[in-house]
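Each structure below is given as structure tokens.
Each of the next two complexes has subunit A plus one other chain: subunit B in the first, subunit C in the second.
Right after this comes the complex of A and B.
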């Protein structure tokens, strides 16, 4: 294609002249799609977070620019203490979660420990049990005077001091940890499964004993997974609302989320709450940076990769000791709290449980008499399902564009899609509140704002799941469709979607389960008609109606377990215990 | 007295020729409100005054009397309810129609914010005068109950002689790890209780109480549960919840009327000025003062609002023991400061 330019006396050569496109011609379907996705991400992520930042510098009364919110937020010793307390608590939780998750992951993937399935199911149970129900279970177990453990202790020892007290720093740490070590287990198991025994054999042959091999080969290989899961654990711990509301108030251990709730009480100071949450955001961001720095300096991330033989470590006489440890973890995390919750749900008064006194009246009450429970169950399940579906679909679109490099700047979309990962749920809620609660949108108390916030909260999981799934599909297959005359959409419909079905369904469940239980994001966004189960449970806990609460919690668990069981049937049991 | 004047005015406006109608029959004004309310749907009632169970009971009776009008009770502790209403007002998306609280200072603030509607229900006429006078003289809110805060103790673990006699007994070292109180940052009536105690004994009271490591709940409504289960031997609790447990359910709990005076926080109810269901909201507030609810209150060991409704068996009449009332302006002025002091002393 050549052209002749009138001003030139020579032929202009073989280089094509760039075509001038009008803005209208640039608006091709693909760019429109990019714009559309970008707009969605702006609504979900960029706007609430910018609003949070802007609000933190806005004078509540005049609307002008101010630093006063930061002075108010951090100018009080008590407020600073809550932040340092949170960091201490977060650090302790990380340690405990690793102590729970890493040995269990190792035992289940690399050893000949008996009862692996039991442990896997137990760990999965810890994922399904919402943190606030775990907390209530532990209040029934370790309340200082009437907790089951302490009652047994008083009867046995004649002591007047409780053996364990859930209303303490360590109670808070334990209860926070039992809910979140599932992710540590999943991440670290995956890493263990990637290590080939040949590498360990090499170390053995060169004269290293089992301990040295573990320290020099095995452990460094899983270190990235451990650090990554430690990050997630920390983020999860500092952003949780339910557990501190139930435990840290009686324990008198103020943490950031309780302080944030105080800013939301009268006089309502959203600006100060925003200012107070910015450092939390900075901390999580710098942790992420630190993680990158640590992992990039050393080159071991690249070593991992599937392949090679994996032999199980023979534990010999330690087999049962290992199982014993795993059993203790599962008992602390799931069995003990769940059993006492069920006992409370079926009795009139949880402290005087007897098999003769079993009753269904609590269930009848929450299902048919209590004003908001029945509706809240429906709301939780449907908002969870809608949010999970929306997040997965959105993530699929973005993931596909990013992986196939269909559009320029697609990596920017990917970055925004995973960024909510560093935003604590309660901070996200404040951002959403600041951005969308007010007129002209006035979304406060609507289902829309709940779904939007939940989609944002779980977008990172959705994106990582779908992106990994798409990466595994070779573009050749789609090219075949296109050579045969099908369009891009046709290729997605007939190749990508069927191949990804399992991955997407697994991802959907991974989002649905926490979304149906979500409290931290919901607490400032629900209205009287959009109450989700978690919020109703929290209100019930204020009244000390632990039997009713246990019954409602049991119903929520039953629904979630039913949905997951369908998933198991369809996807196979292992889908969630292995990373996609 | 403006109060009496406006009640008289209200009575004139509703222009009832004869006294109150018996339960079942509707007055002319009631019928008119009911007709207007039918088209509006379901009211949202934010309530911290009672437990969820009791509030749901009120709603159920309301729906029974007025078919076609719905009632959704949303129960939380006083400060939480107030926070949600403030959030809604700020967001310009008011969802609440009616609010009931044990902290009348909250009503006062809402009135200042022009968030309350002026409404004098016709049933005011039949109220116990002492209770009627606790309400707003300009009829921005009504008294919807009184629930004295007293001391609860577990009768299985504590004998009547051992039990505390007055508030200062709560910091007796023998109750170490055995006291439960609420948090003034969450509960409205605990806020007023904290003001009352500071007036009586100064802030040292709380410093001494702190040494007993009280369990601090959020609402005042869980103290009685802690006592019944035996988790705590003594607790700050509303009289009605103690009596309902003790007499209604035969639980091992009893009330002590402190010699230095129970706290009498009037429970108050107001209609929001921008209520999404204005007529249904007014119908509801009038219904609260009707005979059904007074009987319902009495049956649950609470004080009935109407004259002539007998107390539940064993209930002591309000004037038979000492009570302290915190004047509304004082409570309002001092609660925020007292919340901070409380947080500093108890570290939460």
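Right after this comes the complex of A and C.
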């Protein structure tokens, strides 16, 4: 210690000549990355949405500014009715989805109900089953003349009036609901799992009975999750294309998406479609704003971190009643439509099912004889896989920059990345059409436009998943790489990416499953050579080839189930049943 | 200038000056601690040295080359330094050996040499037997040893330590203090150590830089810092002390209740008001008036006492003024509360400080 005497440094002495660093030495690759990512987001989100708005004010014939498109879009009573119908339908769907999702979530997380795993797998099946296949299943079940239920009814009651009719408002609502209550279940059960019994005990200690505790403590704590999932349910319901395409036309209940499809059929009126979709977009945006407002004002941030110990509610003799309710929901959502679908897929003629009539010819036809279905299967799977991969990689880059606050204005990137959340898929498709279908790009009918649109559609899921994953990695992990000489990209490659592997793989599956089934975004963008399975299925339904449709749907399901099974194998069962 | 030089270094976050006008010259091989309460700017200073934060003012130079100045900074990966983090920052996806070998691999050393040098380093920190373990299987102390090995194996130009022991329990912390000291004695790497714990700083450091409110208060050896504090903050932050105020008139400084000839004080005192720090150890308490020694003698009584095992802590109340003094005494010096006593102060240890 003696060698360092307590003398202060003489600053008046030697002054070193500052060695200026070259710009190259100071350069960090992340600065360029920001510009690159911003450019990608412009292509994916900003340009299509701007073009949607611009197109809605453009005169199709002259190219000048006009309000005529809005007059054309909303000047007809029929068109306005479609909008109000859609809102009514959306509201009814929200109620039904909550009735399905919330009790099941409660039963599976907070009670001693038997058969929880059965219910969980059932709910998961509802996620795997594309909505339009559920709709076809219900047409086979509850079609007014030939549906299984009604044929049984006619046989039993000698009545000539159908017992149930899927081609009705309530048919539309039921079939839309069974596809989407999965999200309600996931959101609400996550919230239930965060509530520790101690919070409820505290209320009990102060003299509140079980009912009062449930109403005053438990329910308010899961309310944000319920409101959030109601909001998503509504968005999903009004944007869904497949179910209305199959049901609302025969039900004579016009809704917005069908009207939009009409604008897109001959004669093509993109400008009117754009104008017609703007109010839809405003509705979804204001709903999201409203949700934020409600939740912020109540200060509902108390659910955070790990929940404490949870005691299960003893249901006693109600255990089996609860299970019965769950079973009915799972049966309505998955079992019944899936069984009739499989029966049709293996039948020569679905209306006269017999074990003698079992056949594989529908599958043979779909795979080897039908003009487009084999190719559509390949297209769906590869477009889904490419889009999921691209969305995850892009989200990882953006999430990284945002979480690490690398560059100014990075939160703007985050905002743009999650904004497609409020854009209904079908509206997104119109935006993409408006931006990229015309020369000089002329991307209409290419794989490129499909992949781009799908990436945009699923970017919000990808971003929230990646950002949450990155948040969990301590920044000092990367600082340690850098100070040892590694640079940012090296840190991402050798530390961040390996640590995020599981999260990213889970996110990839969460995107692949809906992307391989996606219909709403695809419907206006596919060309004759790029048709995806969902579009082919819809055509088959119009042609009345329900057996072929069922076989193709079964094949799509098999592929998705196989991919998901691989995911389960490596990631564990829980990764999809939790909100990430 | 050889070594690491911080010259008029400053960093502002919004309207808050985290670091202001910091000057420090760390000689090659020297171990310097940045010591101060939380929020004093010590971590910001360290992260500026590392290159994670760019300064708004001043510069950082290493062996005469500018690393950072307001016009830009060499990124951390090009500085040839290494760092030990508060969170350990051991990569959970790599084994212990891979963690230690990582910096060598980045330097493009051949595989067998990476393995050999990482192995030797693990030997030094006594972690060889755990080389193939993953970090999640290690205790906090073991993880910090890995961090130490990982940082030192590359023979960095400067080793930066950011409160490396604050997440360890008390026993382990003491052990690791000496471990860090041992490493420094063995490799003589220029080191900057950030801590809020004065014991840590005193054990490990050649010199300690005490920081407060973004400024450097005093840079000195641990001994000088304790015996010759220059400011009120340093005197009270490092150990405990008594502050007395007085006035110099002529060659005499008059304090409250006693006076000292200027010549007996260790430092020059200008005319006018004077504040001084007297350590509890610079005083002796006795039951009767002491006859030996040249110290200042004050009559009074014992006001409070506390027995800490290694010492007694007394509060002495002077009878000729309202002054109270904290006094440390060896365990054998037992005084009852309320008993009359005499206080003897060593004038050589009355240190005038700047207010």
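Structure notes:
Going forward, the second predicted complex is superposed on the first by the 548 of 580 C-alpha atoms of A that agree within 3 Å, B and C clash if a C-alpha of one lies under 4 Å from a C-alpha of the other, contacts with A are read in each partner's own complex, and residues count from 1 in each chain.
The working rule: a residue touches a chain if its C-beta (ideal position, glycine included) is under 8 Å from a C-beta of that chain, and two chains touch if they have at least 3 such contacts.
Treat the numbers as computed from the prediction; the structure is a model and nothing was measured.
In the superposed pair of complexes, A:170 makes contact with neither subunit B nor subunit C. When the shared chain is aligned, subunit B comes close enough to touch A:349, but subunit C does not. Within the superposed three-chain model, A:415 lies out of touch with both subunit B and subunit C [touch as defined at top]. Number of subunit A residues touched is higher for B, counting subunit B against subunit C.
By the touch criterion defined above, A:65 lies against neither subunit B nor subunit C after alignment on the C-alpha atoms of chain A. In the superposition on chain A, A:545 makes contact with subunit B only, while subunit C stays out of contact range. Of the two partner chains placed by the overlay, only subunit B lies in contact with A:145; subunit C stays clear of it.
Of the two partner chains, neither subunit B nor subunit C is touched by A:219.
Residues of subunit A that lie in the contact sets of both subunit B and subunit C are absent, per the superposition on chain A. Listing the residues of subunit B that touch subunit A in their complex gives 44, 46, 51-53, 55-56, 59, 72-77, 79-80, 82-84, 86-88, 90-93, 95-96, 106, 109, 177-178, 183, 185-186, 215-219, 221-226, 228-232, 251, 336, 343-344, 346-348. Those residues of subunit A that touch subunit C in the complex are listed here as 1, 3-6, 8-9, 11, 14, 16-21, 25-26, 28, 474, 476-477, 479-487, 490, 494-495, 498-499. On subunit A, the positions that touch subunit B within their shared complex are 78, 143-146, 167, 245, 248-250, 252-254, 258, 262, 264-268, 270, 349-351, 369-372, 433, 437-439, 442-445, 524, 527-529, 531, 539-546. Here subunit C touches subunit A in the complex through residues 1, 5, 7, 23-25, 27, 30, 50-52, 59, 61, 64-66, 69, 72-83, 85-87, 89, 91-93, 102-103, 106-107, 147, 150-151, 154, 160, 206-207, 219-224, 228, going by the rule given at the top.
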